[in-house]
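So that you can tell them apart, the chains are marked A, B, C and D in the order they are listed, and the count of residues begins at 1 in each.
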Amino acid sequence: MKIHEYQAKEILARYGIPIQPGRVAYTPEEAEAIARDLGGPVVIKAQVYVGGRGKAGGIQFGNTPEEARAAAARVLGMNIKGLTVQKVLVVSKLEIQEEYYLGIVLDRKTQAPVVMVSTAGGVDIEEVAATTPEKIIKQPIDLRWGLRPFEARNILARAGFPSAVIARGGSILTALARAFIESDANLAEINPLVLTRDGQVQAADAKIVLDDNALYRHRDYAAWEEPEEANPLEFEAHKEGLTYVKLNGNVGIIGNGAGLVMTTLDMVAACGGKPANFLDIGGGARAEVMAKALTFVARDPDVKGILVNIFGGITRGEEVARGVIMAQQQLPAGLPIVVRLSGTGAEEGRAMLKDAGLDWGKDMRDAAQKIVAAIQAKEKGQQA
Amino acid sequence: MKIHEYQAKEILARYGIPIQPGRVAYTPEEAEAIARDLGGPVVIKAQVYVGGRGKAGGIQFGNTPEEARAAAARVLGMNIKGLTVQKVLVVSKLEIQEEYYLGIVLDRKTQAPVVMVSTAGGVDIEEVAATTPEKIIKQPIDLRWGLRPFEARNILARAGFPSAVIARGGSILTALARAFIESDANLAEINPLVLTRDGQVQAADAKIVLDDNALYRHRDYAAWEEPEEANPLEFEAHKEGLTYVKLNGNVGIIGNGAGLVMTTLDMVAACGGKPANFLDIGGGARAEVMAKALTFVARDPDVKGILVNIFGGITRGEEVARGVIMAQQQLPAGLPIVVRLSGTGAEEGRAMLKDAGLDWGKDMRDAAQKIVAAIQAKEKGQQA
Amino acid sequence: MSILLDEHTRVIVQGITGREGSYHTTRMLEAGTKVVAGVTPGKGGQSACGLPVFDTVAEAKAATDANASCIFVPPAGAADAIMEAASAGIKLIVCITEFIPVLDTARAMLVVREHGATLIGPNCPGLCTPGQGKIGIMPYQIFTPGPVGFISRSGTLTYEVVALLTEAGIGQSTCIGIGGDPIIGSTFVDHLKLFEQDPQTQAVVLCGEIGGSDEEDAAEFIKTMKKPVVAFISGRTAPPGKRMGHAGAIISGNTGTAQGKVAALQAAGVPVAETIFDIPDLVKAALARRV
Amino acid sequence: MSILLDEHTRVIVQGITGREGSYHTTRMLEAGTKVVAGVTPGKGGQSACGLPVFDTVAEAKAATDANASCIFVPPAGAADAIMEAASAGIKLIVCITEFIPVLDTARAMLVVREHGATLIGPNCPGLCTPGQGKIGIMPYQIFTPGPVGFISRSGTLTYEVVALLTEAGIGQSTCIGIGGDPIIGSTFVDHLKLFEQDPQTQAVVLCGEIGGSDEEDAAEFIKTMKKPVVAFISGRTAPPGKRMGHAGAIISGNTGTAQGKVAALQAAGVPVAETIFDIPDLVKAALARRV
């Protein structure tokens, strides 16, 4: 789960990592009031779930409360990579002397969180990794220990951090690792970590991605989930317990098992169609879940037809068929649906579908070809 | 640091360990009110820092609020092993089916916390250890992991806990280990852990001893420190930063370094005296600390004379002499004091003492003999 | 012969008294798997699916001499169950459970490695040796014994492809679903090594997907293999940054794309099927080359 | 010869820029100890006591080839400092710091053991090899070289006894204060083993105290030793359940009493001094028997 910069900083602050004072504003007036409270120049930062907001104009400055208000007015409502800015973080401006990078990411290969630090901070770390990889020092964390203070200092020393930053930076990195582990993060980074002109070491920006599977033990963080994603359907699907990803095409796709659904997407594409979504109903779904999935996919106005591809195991063909028939009445009239059933209960399910007048495919390819053809026929009909 | 049963249970409850509902009462009226709130029969338990309060009558029962009041009236003010009961814990009475023992203690040899469990609960575990040691299963905790749930279940299974208690008892033991480690305990035990007639598993009594050296990171627990010890001087000494232990004799003893002070005690005893206390001023003490230690020791009415034994290293003889001379005016007139100085600054210190008319010993034995003789002479003089 | 699961495999089921655990234990027994006991803390001494239930894996192992475990424990306790099995000396651990917090899996892996055990999964369908039985939730009736080893990160896709192979008359030695999580107990390479040594196996089918670099690592290893490998990669149409159902199926920046994996495998001389329907023919050709 | 500290010992001081650290570093240098560098995070590049200061032990070791460390870091960071030294490959670590939380020491010991290092302390005065130097805070002028090894759980008591030995004309090979905490890095037995092997050492004085069972363990080991040992135990008048200054000096129930320790040592044939004034004569007698 992605969270906003201000939320990531709230986590860091719980672990004693110094951050700039500031608060979130939803209106220019609030931004002005916060700037007045803080005193002195402020930074207005768009709170959206995408990177690169600086280049997009989502970070602006104000030397006075009035300027802060004007800056917030420019940033609020701004569209950044398809996302509308609905809130900004207003923080005191730092007098920056140096910028560094501290990050921890879950590494599949070492099967552990890996610390990455660099004296090249304040810039895109993937770019640093691509162009000057020697500027990034990496080290896996032994999860039995966490990152011990001496290890944090050693990493910073090896990366060439100046002595003045090693002691406090080491404490911050140790705390960042604790925050990562105790919050069940997949990613936690401070970029930049800044050394200010008056010698403070602070986290000027932060990014944390949490493990969805661990949210059950972090109720406070789970409450931060927001329908602010590029597509609100994904947020709703998640709330409904459906694994749904919005795509750009017009063929709605439902299946059981992530690999099978991905393969169905690929198959539709191979047959000349464009998938509108990924939807995995998981294992052992009952008719009600199937019906919910169908009506959910149909809510996307781009969807011109739906392919259901089920390989029955724990999931039973009759249940799938029953679910499709249940949903049929609620779906837009004339929306093409092709169902492909295989495995447990496939015979029975197919018979039920036939009785209900629904199309079915003999295998995944056949079904994919049928739904693509049905949509093309319909579009031609509309054009004609 | 010792804490009371109700405080230990507060810690356990933070870790999700089930305990009986109840509160602390300072008066019989409060006990009655709590019993009324709880409803049903209650147990009134003396809150004192010693074991064996049950045998001493410090645990009583009340079936009604009125009985609870009467029971509390009997227990409050009771003297248990030299301690006056100032508060009682009032809790709902459990219908006990079985009693077990769960404990974790710091083990010097394995250099780790060691889990000890037994199905022989509710009795003195040291007695079980002495008479039927096979009934106690022990296992060290790997501090990198803590005690993992499966390890806790394995220990209980090996100790012969019934299946009905293994799942919940395992969770409780895991939580007890977390409480031990995260609170920096030296000892944490639940005795008894009870299986109630209605199938609940609860901590009916609890004891936790905290590591004094780690209290700086547990401010909330440190605030529980109380002047309720058998000797209030020990509590005050601790607040003053002095390492002081009250003993039964009449020779006040002050020295630098724990081993040296213990040896001085032994030497005084070997010379026919009886030490009144142990007081270690630590390394590098200044005159002010020395003076404070002297006036502190003299506050014990049993003290009939004081021996100061210093081997100067970081601690300087002049400072010691200056401190003794500073304190002299505040001490009871005619109280014999013998100072033995060796090492750094000893010459200068001895000269200062001579000028001030104070006794000194050429070595530890000589000084011990002198103070014992001085006290005996004075006592004879008083008898004559 | 086969790999991992053979006639010497004696299986316990952790979480046998749960809905999933009892359902699939019955299916495993029907498939001929030697399931010898179950484990559910607090239910020791009871029985389930006609098998004795123990409170701990240690007790179950001592009583039945089990050497494998199948885990159906819910996510909050699944990593602990893996550690319990590994610590008790169980050498083959199959964890079906989905949605385990990934750091829990990472911790469990420290114990699995320490004890030299093999973990399949988590978030996997398990494995199947046709004719011997299965550990996990694969539908046993679609399999048929034969010369092809099969490894996949997916569940239902495995069934789909195995059904195609069986229809085409191509039997399987052992089929393994390694799981869809970012951290899994054993990788393509681990099992390719075993198949390379297995006398029954004449060719291997590898079904990969987007995310991570297991397929790229496999391609590197295949360069050193004597037996032919046929591959399929799903997720060619998946966009970057989106988790496609499996927690591990995500393209991060330029890494983990289907295109990259296909290219790596092809560079290692592996024929990569365009669609799953091409797999049987590619396998037949591979087997023919082999003979 | 001597044990642990000899002419090849190159010492760094962790916490060199603190009050205690800098004071005792100067004393160590005066005693002829080869102190080669200091470590204080955040002060790398500065100098202290005429020595270069580094941010990390790893850097200090790389620059100076140090093989020993003396730790004056405050309690909250001392265990981390021990782990840092051990992880950096320092083989002799002397931790002077008192009041370290005992679980911190227990954790540090896992690392010390893993790296095969020797830890003296914590809460100890360090060690001294007369004629070579000292690591720690012992007053160097009271020592004189000779044939007697010395091990004690106490600081000032060590000085007291060493002064008596020196006055009696009995010199020392190496004197070690092992520390007064319940968990310490090295025990009487560890050092008895080294003294048994050391050609210079002809007899050993062991000063124990109440609490724990280190003295009992030592008694067991002494039964196997060729060299004579003389012992003294302090705390004969200490009551049970009271912590006598040292966190480790506490009688729990019937264990850790002075009487028990004296009896165990005597049963192993060790002469135990009634008071410290008896020690020199017992040592002379032991040396005489030896010759």
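The rule is simple: contacts are C-beta pairs under 8 Å (C-beta built on N, C-alpha and C of every residue); 3 or more make two chains touch, one makes a residue touch a chain.
Model, not experiment: these values are computed from the prediction.
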item: Contact network partition after chain A is left out of the picture; value: one piece
item: Computed distance of Cα centres, chain B from chain A, in Å; value: 54
item: Euclidean distance of C-alpha centroids - chain B vs chain D, Å; value: 28
item: Whole-Å separation of chain centres (CA-atom averages), chain C against chain D; value: 55
item: Shared interface positions of chain C, touching two or more other chains; value: none
item: Of all residues in chain A, the ones touching two or more other chains; value: 144
item: Overall pattern in which the protein chains touch one another (line/ring/star/complete/other); value: other
item: Touch relationships between chains, expressed as pairs; value: A-B, A-C, A-D, B-C, B-D
item: Chain C-facing residues of chain A, complex; value: 106, 108-109, 111-113, 126, 143-144, 181, 184, 186, 211-214, 216-217, 243, 245, 247, 255-263, 265-270, 275, 278, 280, 283, 311-314, 342-344, 363-365
item: Chain A-facing residues of chain C, complex; value: 23, 75-76, 99-107, 109-110, 137-139, 142, 152-160, 163, 180, 182-183, 207, 209-210, 212-214, 234-239, 242-249, 253, 274-277
item: Of all residues in chain A, those that touch chain D in their complex; value: 148-151, 153-154, 157, 163-164, 166-168, 170
item: Residues of chain C that touch chain B when the two form their complex; value: 41-45, 55-59, 77, 80-81, 83-84, 87
item: Chain B-facing residues of chain A, complex; value: 144-145
